[in-house]
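Notes to accompany the following structure.
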Amino acid sequence: MLAEAIARVPSDTADTLAENYHKTRGLTVALAEPLSEADATIQSMEDASPAKWHLGHTTWFFESFLLRDHLPDYRLYDERWPFLFNSYYEAEGDRLLRARRGMLSRPSVSEILDWRAHVDAAIEPLFDDPACRDLLALGLAHEQQHQELLLTDIKHALALNPLGAAMWSNAAPQPEEPAAPVGWHDHPGGIAMIGHQEQGFAFDNEGPAHRALLEPFALADRLVTNAEWDAFIADGGYRDPALWLSDGWAWVQREGIDKPLYWREGDSFTHSGWQPRHPDAPVTHISYYEADAYASWAGCRLPTEFEWEAIARTDNPSLDSDGGNQLDAAVSPLPRGGQSLFGDCWQFTRSAYLPYPRFRPAEGAVGEYNGKFMSGQVVLKGASCATVRGHSRASYRNFFYPHQRWQFTGLRLAKDL
Amino acid sequence: MLAEAIARVPSDTADTLAENYHKTRGLTVALAEPLSEADATIQSMEDASPAKWHLGHTTWFFESFLLRDHLPDYRLYDERWPFLFNSYYEAEGDRLLRARRGMLSRPSVSEILDWRAHVDAAIEPLFDDPACRDLLALGLAHEQQHQELLLTDIKHALALNPLGAAMWSNAAPQPEEPAAPVGWHDHPGGIAMIGHQEQGFAFDNEGPAHRALLEPFALADRLVTNAEWDAFIADGGYRDPALWLSDGWAWVQREGIDKPLYWREGDSFTHSGWQPRHPDAPVTHISYYEADAYASWAGCRLPTEFEWEAIARTDNPSLDSDGGNQLDAAVSPLPRGGQSLFGDCWQFTRSAYLPYPRFRPAEGAVGEYNGKFMSGQVVLKGASCATVRGHSRASYRNFFYPHQRWQFTGLRLAKDL
Amino acid sequence: MLAEAIARVPSDTADTLAENYHKTRGLTVALAEPLSEADATIQSMEDASPAKWHLGHTTWFFESFLLRDHLPDYRLYDERWPFLFNSYYEAEGDRLLRARRGMLSRPSVSEILDWRAHVDAAIEPLFDDPACRDLLALGLAHEQQHQELLLTDIKHALALNPLGAAMWSNAAPQPEEPAAPVGWHDHPGGIAMIGHQEQGFAFDNEGPAHRALLEPFALADRLVTNAEWDAFIADGGYRDPALWLSDGWAWVQREGIDKPLYWREGDSFTHSGWQPRHPDAPVTHISYYEADAYASWAGCRLPTEFEWEAIARTDNPSLDSDGGNQLDAAVSPLPRGGQSLFGDCWQFTRSAYLPYPRFRPAEGAVGEYNGKFMSGQVVLKGASCATVRGHSRASYRNFFYPHQRWQFTGLRLAKDL
Amino acid sequence: MLAEAIARVPSDTADTLAENYHKTRGLTVALAEPLSEADATIQSMEDASPAKWHLGHTTWFFESFLLRDHLPDYRLYDERWPFLFNSYYEAEGDRLLRARRGMLSRPSVSEILDWRAHVDAAIEPLFDDPACRDLLALGLAHEQQHQELLLTDIKHALALNPLGAAMWSNAAPQPEEPAAPVGWHDHPGGIAMIGHQEQGFAFDNEGPAHRALLEPFALADRLVTNAEWDAFIADGGYRDPALWLSDGWAWVQREGIDKPLYWREGDSFTHSGWQPRHPDAPVTHISYYEADAYASWAGCRLPTEFEWEAIARTDNPSLDSDGGNQLDAAVSPLPRGGQSLFGDCWQFTRSAYLPYPRFRPAEGAVGEYNGKFMSGQVVLKGASCATVRGHSRASYRNFFYPHQRWQFTGLRLAKDL
């Protein structure tokens, strides 16, 4: 069922905005299909949201910012629902406490799917409205982000079920070849052009394009693997404070951390339940603190977001920005043949998530999309196996708090030259 | 549908243990029927459990203590489920954290209903086993307790839904007559026989029967009403520390308490959603701290459990111990025509929940049923509109922590003579 | 220095109220004398108060309830200080948060001692005022309670100092003889007269005197010793949930409890620093949960407060209610030759701290002395090595929460006959 | 007394390292002199430390890293004290929990002053040891940092005293002239040399010197004043989420923030107690969140640390890097005649505290000085009225968490050109 869904994913060959719209909206529904009403309702922690809520929130986005604001005489499907499905837009008024999203046994998934269908039908006239193009593109990119969150949030919830509940029955694919020794992409330093500079959609936080000054450095040509992480553990990596940032060491002590999230002896939890962990697959579900400690242990460091992007913009055929196979049927990180920078897991940089020079948030409620989160978080680059194909790009800036690790997060080493 | 279910409730006319078993087990299922898979899965706080969990836990009780322990060659329906559905029996091994019960999107309600049917079929041979009679009676009384908890827990969860979700569509019944002025049952004091002393089942904490010495006192012949509580509020009852126990005042300040749970202006939340609150109906969903403060304000006090029981044992035809109409279709407190001590709401006593003289817990895991909770809680007497008919009796001891109020809790005043 | 102070302690031979007043007030100062300004200022937890605060609070009591209320034209020594030194009397207005008492580096101990002297001089005229006698007696009993708290609070603070800070240089005395095997005081049951029924001062919570009905029981003639507690530990007492109340087991797990407070290998912390722990001395600094678990392990139970008092009222010359040697120079529990019920440590009962029949708190602010704490706490009987001689009596009711153990708390077993 | 102390402060005219050592060490003692033993012992929050602890910790630094490591046969003054006075150096072994520093009623201030004298005498031979010069300079810079912390920590503690305790009796000086309208230092952008590049001591986090690329910008020539902050408050600045970072808004809501720390109507708390707040003095004791919200409200932004440093390195006689008048007798921010970048309060930048290119922490325990804190904090530039003269410089990087505001923190606006 997912394979079918993926075939409908937006791509460069999509002819029209309308086509992209329906493919994207359809994929969200397809992703939620294997979930029972109960699966789709539960919330495992405040950081995560129920699948049902993702279905509703993405619809609220289109209903509020497109239909309500741009379609004359449109009446809200249910006037009480914006309170339920507004995420964090202060300008949009009061809303359900984030920690209470798991209390939404009503409305049902079926009722929300009806709402989705209603909105998807009502929106047709706006595809040809030039004033709506940018907002529609934003809505689709927003929905793709929530597709990934839906997958990582439900993974977190299912992992807490002692039965090891699976969402899909097929086993996760495994690497077919051993991981190659690490090679390095060298960069001579100098002035690099950073930020969104191509045609097409980008989030506001990817701009303005601007220059950055780099010192000579090298970026690893592949991700750190599970086997390498095992060596870090075996060498006492989680017990040596000298390797850790002070906040990280406090986190390790307080939470009793001694391995990545979802590790249990030789197995890892996946959307297909507990599965043997392949030593040559990239390590995932680590925090920034862990990534930084590993890099110290390895005598390297994390790259800056500018270094990472500069390599991604290199004219190097092996760095396929398309990624090719994200959002696999099994949502499992797999080393890419072409060593793509995209597609296995988001990669921590040492860059704090801050505004680019001359950055200005958009006017109105959508101005709350990115700018107000520029504090306390770190930038991740790339894309993960749960990122829909075509969603990411060289200038893409993902961001999380340094302790969070329920996303498909991994690391790629860097060093000074 | 519930009316039908109630018709199947155990009563004195039930011919056999088997008949009681099937009526009780069937009622639990009937109570859960109006709930969606999502309703039945969510957990609103650590004190409450999902409806689905109650369905499973009551079944686990019969499977563990009857089938596994007494039916030769019985094999567990699913060996992983005891971990999920053991509540607090340390002797039965590890178990799911209480706060994680809301993560059980699997197994589904339907799977648990299959398990229930399996256990209900397998248990047939044990009805005629004399060694099992007491355990079966305990299991049924246990299941009846969870019927009440199922109702109060789901009420709490639905109340958190901003849509005001209802479980039943019928409106709650309202008192047909104004509350009468309070009258008093006088008692001359002296030695009273306390505790279970009749034929039939009782929990271990109701015994041994023993003597208690009472001073002359009087117990009100009806419960405090919503209108009376309104007067308490209007008189500044929630703002005057002189009325409150020190722990209670700290609770009021910390939690910002200024009215009973489920009150919102003139409405109260019920299983049928938000409904107008009738001034002559008994006040419910108050904590011990609130009950005690009200009694101080009214120049009275709470009764001891011994005083309450002594009145209940009086040869007074108006004190129908059967209650007559608990577990109404609408689960709503209604003043009883006969001023029964049973049936509207549990009534706080000022007695701490402690062992009776010579109390000994039973051997084995079921010995954990009551005794280990004899610390920090207070005794409540009577029965509520959510207590199944025939479940309670004069010696019955319900118990909760002084801050808890999600049960149907109210108060009946007492005074010294 | 302390020996001298103790010689000034009130006793039956004290001729006048004035004499008692000055002896008691002087003892408080003497107890604080070995403390530096810093020792007297720090607060180790919210339950405890700085020694300086005790010096001020006891003075506030006399200034507020005696001088201000009964001495015409008396003007407060400093109008800002009642805010600092009111403990919990709501009727006396706002006050410093309890958790902030450790921030009172000002006023200095010396300034507070000046205040004490001022109040002690100003109060002279009231000794002959019949309207003040009861309040003065209450003030002195109150001050004696704070003498004990001063000692237990500073012990807790000094114990947190990694240097093992001592308050006194003399070593704690040790038992001179091995503990005798436990004997039992048998009681035939029946109606006992409970509560204050003698001449002289008593707190309001000790009355009214009333009858209580007892079943036949026996009370151990000595306290449980350190050696016996060692056996409990060695037998896995802290690891077996079957021995514990549910709240107690949660406390053990949450706090990682595996021994009494102030135990460290073979040593215990005392006011004279870390000292070898004598196996035959009574165990102290245990919580109610621990006492209850030990009693279960020993196949016994805790007595009720009524049972304990009934034994204390027995005409038995060995039960010297005077205690004889409380408030030793070294404040260390020692088995009493006469097996007194008083003097080593407070003894847990299984009785919840509740009002006696017909109990009414006093009018006015002093009515907050006891009654409002009658929730969630347990009664302790006897007296400890830190209780001033003559302070306790058979009807005395001390009370603490079941998890607290920074007082000199121990246990005496009981059993049914 | 402080004026005298300040006259002994290190300056460029100090002839020798020994002279600097004794002046710096003496100033710490002078700063603590007005404090009572109790003042010097209390700890008001985990972020702050007792004055006594600062006296000990700075001495521990010299004893451990100089005397113990470089003076043959040196024996520790007290072997138990490193456990008390190690702050966070994991390589130096276990240490007292930070939250327990306020429990150190022992050792006394006097004992610590004896230790200081002992160390100050013993260290003489090392002044001529070339291997020790850098460590000695580090120790002195470290001690100067703790001088500022001693002042800000005791201010926080005294402010919690309801009596409004003062440390100094002289009133804080006030601005003599109204604040001038804001002018702007323009910068054309381009490559700037950043980081320590002069002779003399600098912390490791100030290097390596490296190039940074700047866009054209302007930096305000004075700090934001109290009057301007009043306008921000009056305009609803603390109630408009659109002005705030998401984390900042959550902080405002959670903590109930509506004004800077130490504001109370028209007064501010100072080391001289509560004093009228001058409208033309720079605003201080604000958090990063508040600084950022104010800048948004003012239509500006915070500078980056690179922009600030670039302006500070401009050949502009008005930008006296010496500051001239820090550590005033009254430790109160005053607008500088020369509009110095240094001397009133630390100024928030929007730069996250991260390592400079090719940064490597030093080997050994002192390598823990800075690097491990490079996560979650923001850089502040300049110096405050509590910074000793000569301590700061253009490359200096102070850093705090975005919610902290007990330092003398303020802001200077920036804007794009």
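Letters A, B, C and D name the chains as they come in the text, with residue numbers starting at 1 for each one.
Just so we're on the same page, contacts are C-beta pairs under 8 Å (C-beta built on N, C-alpha and C of every residue); 3 or more make two chains touch, one makes a residue touch a chain.
These are the chains along with the protein names UniProt gives them: A, B, C, D = Ergothioneine biosynthesis protein EgtB.
In this text the structure is predicted, and so the values were computed from the model without any measurement.
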Least hop count linking subunit A to subunit C through chains in contact: 2
Repeat of the B-C interface, chosen from C-D, A-D or A-B (over half of contact pairs identical by residue number): A-D
Interchain centroid distance [CA atoms averaged], subunit B/subunit D, Å: 60
Distance from subunit D to subunit C - Cα centre to Cα centre, in angstrom: 47
Centroid distance [mean C-alpha coordinates] between subunit D and subunit A, Å: 39
Residues of subunit A whose C-beta touches two or more other chains: none
Residue ranges of subunit A touching subunit B (in the complex, touch as defined): 36-42, 44, 52, 80, 83-84, 96, 100, 102-109, 157-158, 160-163, 165
Complex contact set, residues of subunit D against subunit A: 88, 90-91, 191, 210-213, 215, 241-242, 244-249, 288-289, 292, 350-352, 354-355, 357-358, 368, 372-376, 402, 416
